[in-house]
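Structures for review follow.
Shared between the two complexes below is chain A, which has chain B as its partner in the first and chain C in the second.
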Partner chain A sequence: MNLLEVDGLTVGVERSPTSILANVAFSVPEGRIVGLVGESGSGKTMAALTMMGLLPDGIEVRSGSVRIDGRQLMDPETMTVERRAGDMAMIFQHPQAALNPTMRVGRQIARVFSLQQGCGRDEAMSLAIEMLGRVGIPGAGRVARAYPHQLSGGMCQRVMIAMALACRPRILIADEPTTALDVTIQAQIFDLIRDLVEETGAGVLFITHDLAAVAEMCDTVTVLFGGQVMEEGSRDDIFRRPRNPYTTYLLDSVQKEVDPHVIEAGVDFELVGCRFGHRCRYAWEECGRVPDLVSVGAGHRSACFLHAMEENGAGAP
Partner chain B sequence: MPALLEVRGLWKTFGRGRGALPAVRGVDLDVERGETVGVVGESGCGKTTLARMVAGLTRATDGDIRFDGSDLDGSSASIENRRRIQMVFQHPAQSLNRRMSVGAMLAEPLRLLAGVPRSDTTDRIEEMLGLVGLDPAFRTRRPRQLSGGQQQRVAIARALMPDPDLVVLDEPTSSLDQSLRGRMIALLRRIQELRDVSYLFISHDLGTVRRIADRVAVMYLGRIVEIAGTRQLFEDPRHPYTKALLSVAPTMDLDRARTRIVLEGETPSPTDLPTGCSFQDRCPLVFDRCREESPVLTLVDDYREVECFAVAPSSGS
Partner chain C sequence: MWRYLGRRLLVSVVTVAGIVVVVFFIMRVLPGDAAAVRAGPYASEEKLEQIRDQFGLNDPVPVQFVNYVRDAVGGDLGTSIRTGGEVTEELLIRLPASLELAFYAVLLAVLAGVPVGVAAAARRDTWTDRVARVVAVLGSSMAFFWLGLILTFVFFFKLGWFPGPVGRLGIVTQPPETVTGFFTVDAALARDWALMWEAFTYLALPAVTVGFVLSAPIIKIVRSSMIETLDSEYVRTARAVGVSRRQVLFRDGFRNALVPVTTAIGIIFGYMLGGNIIVELIFAWPGVGRYAYEALRVNDLEALQGFVIVVGLLYIVLNVVIDFVYSWIDPRIKLGQKVVA
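Right, the complex of A and B next:
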């Protein structure tokens, strides 16, 4: 059963034909960690901000639906996501920047409890301290009285997670949650996220450019490039049997030297058709149109015109 | 013949009195001609301070740095030594002069350090741009007209202009997208083959260091706790910190069987170190002796030194 279903999401710059996300779809089942991966500029953070209703000025949702437990969150009038408390919570890449620097961290978490459950100040604070203990913070009572600048990056990320959990979210969106942290601290945060999924059955949308972190954490993976979904499948599908030329290129780029032309071309949002077209070594005239995601195995889909050719028994051009 | 770079008993303490922060606490390290030595470790382990002392940008509190047989002292390095040791920084956007053209930036070290008159620099600039894979037309560009990857190439080109013997690279790839890192490593390797330059390569990114270094030193709280050949270190780490670090570093290899060692707690503050081994509070192998005495780097097998009583009982000072 899918907890979160995003479908046909198109997001663009106001008064410009350019789309940052083009017809993007993905889903997150209960108790699963789904990776949303891509390079800088692939649109992965925009997808998260759309769901949280945090898009910056000048960026508009053109179409699409966001459902939680089958319930539509996208308001068709305003084209914004109307969340209920407890639908989604997000943790950010730079926890120290995301926390309020002028408020003690315990108070910041307590406020979530007050707002959501209407409990009094003292009760909210004791719930906050309990929550800090649950995310593995030793001496939670003492830490609750600290300001964010007095805590390390790893500690602040735990505070952010505690605050996210205070909402008891069905979906946790983690946007590069450990990029700013050291490896040994990253391991602790990964364990914490895994434990929470097990305990609460929440679904996690794990957004990152770090393929190794995806291999480590995710059950299924959606690969984005230039705002288009290139491929989706189980972790094994993506890492062992990638079918889309972009996914193959992305995996190769981490492990060996790849064609420099492909790397430096970047993303061209003006491009009509497949956004990877001008960087793809298989590109041909067909790629001036946008390929549909087609099934290439059980639960494994890829958007590339090559698949139709392979189907017809022809080799790669 | 002595090594090109010999670091002996190097200390750096910032501040004094009770708040004194010992960032580097007695480091010994050699770099041979044409060799790449990687230094890895987490935030605050002292790797950048070590790099800056070698490059002559930070003055050591105690200890010796010998370069090609002569003593280096940060404050009085000769022009000749400044020419022979160059540095590449983490953030090219900050380390390049944004008011100068690429050509002017590359000409400057030649004029100031190698005494080449301005009129003779053009050919060498174009040759160098070719070496780092940039078109000669880049001479007239300014940093803001370049992508992050191109800026870092200019920074590398600038460091190589005066034909140095040693280049100190401080996290040269961490501001780059993962897909660009592979290309930067290949570039550095090719330059090394052509120019026989040595690299001191500082990074927290284990994957990058594994691909470029001949030997790797692991730092923890201002000391090298293990140093070995790259393969030796990655395939068979000995120090409990190295083991934990490597065991939790995410990998794309889904087949790698491993036992994750998740360290508890965080690195203690260098201003308040315990008596004995500084890793004692997080070490799974800790025993009484570790709380009383400090271990020192000890040769345990060919080319490998480890600073740990559990691994090398004779490592007492």
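Right, the complex of A and C next:
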């Protein structure tokens, strides 16, 4: 059963026809890790911020729904997500920048406990220290008294995770949680997230541009480009049987060891029709319209006009 | 901390030495003859010579310098050629007047400027913000003398709510016994509440005049640094975990904006240390600014030198205080850094 369901999410810049997210849909089942992948500027973080109700000024939700356990979080009047405590928590890309520099980390976690459970200062602090221990921080009592700048990036990310867990979230959104960390720390953080999923049964939305991380972590994957969902399926579907030209391109960029910066080329997409159109080697007139997601296998869907051609017996290109 | 203070003390000695040298030699090249001012317009040449001898103005400049430094180290900043009094003593009498005015003016500016700046940042691009920005522009384009005169005209002359611009207290009032030199504080220490109230009423108009003008830069800096912190990732984190809007605004936003705000307050206070000459003239405030102005008018070399040196010393003290405030408000700024993990 799906714990989180996002449907038809369209987000744009105020007073501009441009959509940052166009009709984005994905879901996260209980106890599963769902990858949201795409290059920089594909709308991954925007999707997360929309779900958290933390969109920056000047960005508006135009339509869509965000449901947890079937409960609608999107307020139809204000078009903002009204979360309840414990619905969702998020860990961010730059752990050091995401922690208040003038507040001891223990206090920052304890503050969440006070908010969520209404407990007193001392009790909240002991819960915070306990939580720091749970995310694998040795000497939690000492670390709790440290300021973020006195801790390493990996430590800060553990603190961030402890803070997120203090919310007891049903859904944990991890927005590139290891991009700012080195590889050994990355493995530790991944292990930690996996353990926590097992322990708490929370669903994880794992946002990244790192395909290796996706292959390692995720049960299912949603591929995003230019604010459109290009393809979604199980990890094996995406990595072994990719059907969408963009997914193939994305995988090639890693496997054929082309310049890794291709995937980070920056924002470069069409604003009408298929957003990958101008970079796609199969593109033809049809791609001036937006392709729908069509089923290309059990639990495997892709948005491309090629699939319709294949069905009509035109043959794969 | 003691190492820091020791290092600062050493640097300060060099700084003060630099101030003394520069000020001394600049004063020597200023045009004008102090002796002529002291002796009056009809003095004979012999009389002038006698005064020059008396004040050491006939000695070679290096000798004058050595004598001056020798006396200054002992706390003797020389004799005012205008009043004939000891410069050190005259400055020490006037300094508390300037500092008291500066203190209350900066206090008013902070009390007014910080809330306005915070509100403007919290409600960016709304009417609150626009009004705050207009007030800031108004304040920074306001002339002290104009505002001072208008306030005096309205609140003393027309309404009679506040006393006239005759200084720190009424002409017949005895000042309180000197402890700090701040009349409001000394009156309170003497438990003379009526006198304290009187001191406040005399302070009100000049302090409001200066405070209004100084609130403008505070509004601007509070607003801009608050906008920066409110857009930061840690504020987003706090909002993500459900911290209340009020706590986000003050504990995450304002607290982290304090360093630039402190810098601004420090600069403003430093600017006020030398006394505000125009305001002191308008309100007949017996401070060091007016003293320096009078000294400058008549080429009173030692009085001016003393003034510059004392203000320089205060500046150094102020900077040390600000350094301590920095390290107190931001754990990343340390007098001596230590890393935990």
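The definition used in the following text is that the second predicted complex is superposed on the first by the 301 of 317 C-alpha atoms of A that agree within 3 Å, B and C clash if a C-alpha of one lies under 4 Å from a C-alpha of the other, contacts with A are read in each partner's own complex, and residues count from 1 in each chain.
Rule of thumb we're sticking to: a residue touches a chain if its C-beta (ideal position, glycine included) is under 8 Å from a C-beta of that chain, and two chains touch if they have at least 3 such contacts.
These numbers come from a predicted model, not from an experiment.
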item: Overlay on chain A: chain C relative to chain B, clash or fit; value: fit
item: Touching partner for A:118 - first (chain B), second (chain C), both, neither; value: neither
item: Chain B versus chain C as contact partner of A:152, first or second or both or neither; value: both
item: Touching partner for A:100 - first (chain B), second (chain C), both, neither; value: second
item: Which of chain B and chain C A:17 touches, first, second, both or neither; value: neither
item: Partner chain(s) touched by A:89 [first = chain B, second = chain C, both, neither]; value: second
item: Partner chain in contact with A:76 - chain B first, chain C second, else both or neither; value: neither
item: Partner chain in contact with A:166 - chain B first, chain C second, else both or neither; value: second
item: Smallest separation in angstrom, by C-alpha atoms, between chain B and chain C in the superposition; value: 9
item: Common interface residues of chain A - those touching chain B in one complex and chain C in the other; value: 152, 155
item: Chain A contact footprint on chain B (complex, rising order); value: 42-43, 133, 147, 149, 177-183, 186, 204, 206-207, 244-245, 248-254, 260, 262-263, 265-266
item: Chain B contact footprint on chain A (complex, rising order); value: 39-40, 138, 152-155, 182-188, 191, 209-213, 215-217, 235-236, 239-240, 249-251, 253-258, 260, 263-264, 266
item: Chain A-touching residues of chain C, taken from the complex the two chains share; value: 124, 231-234, 236-244, 251-252, 255-256, 329-332, 339-341
item: Parts of chain A lying in touch with chain C, wherever the complex brings them together; value: 52, 54, 56-57, 83, 85, 89-90, 92, 94, 97-103, 111-112, 115-116, 139, 142-143, 145-147, 149-152, 155, 160, 163-164, 166-167
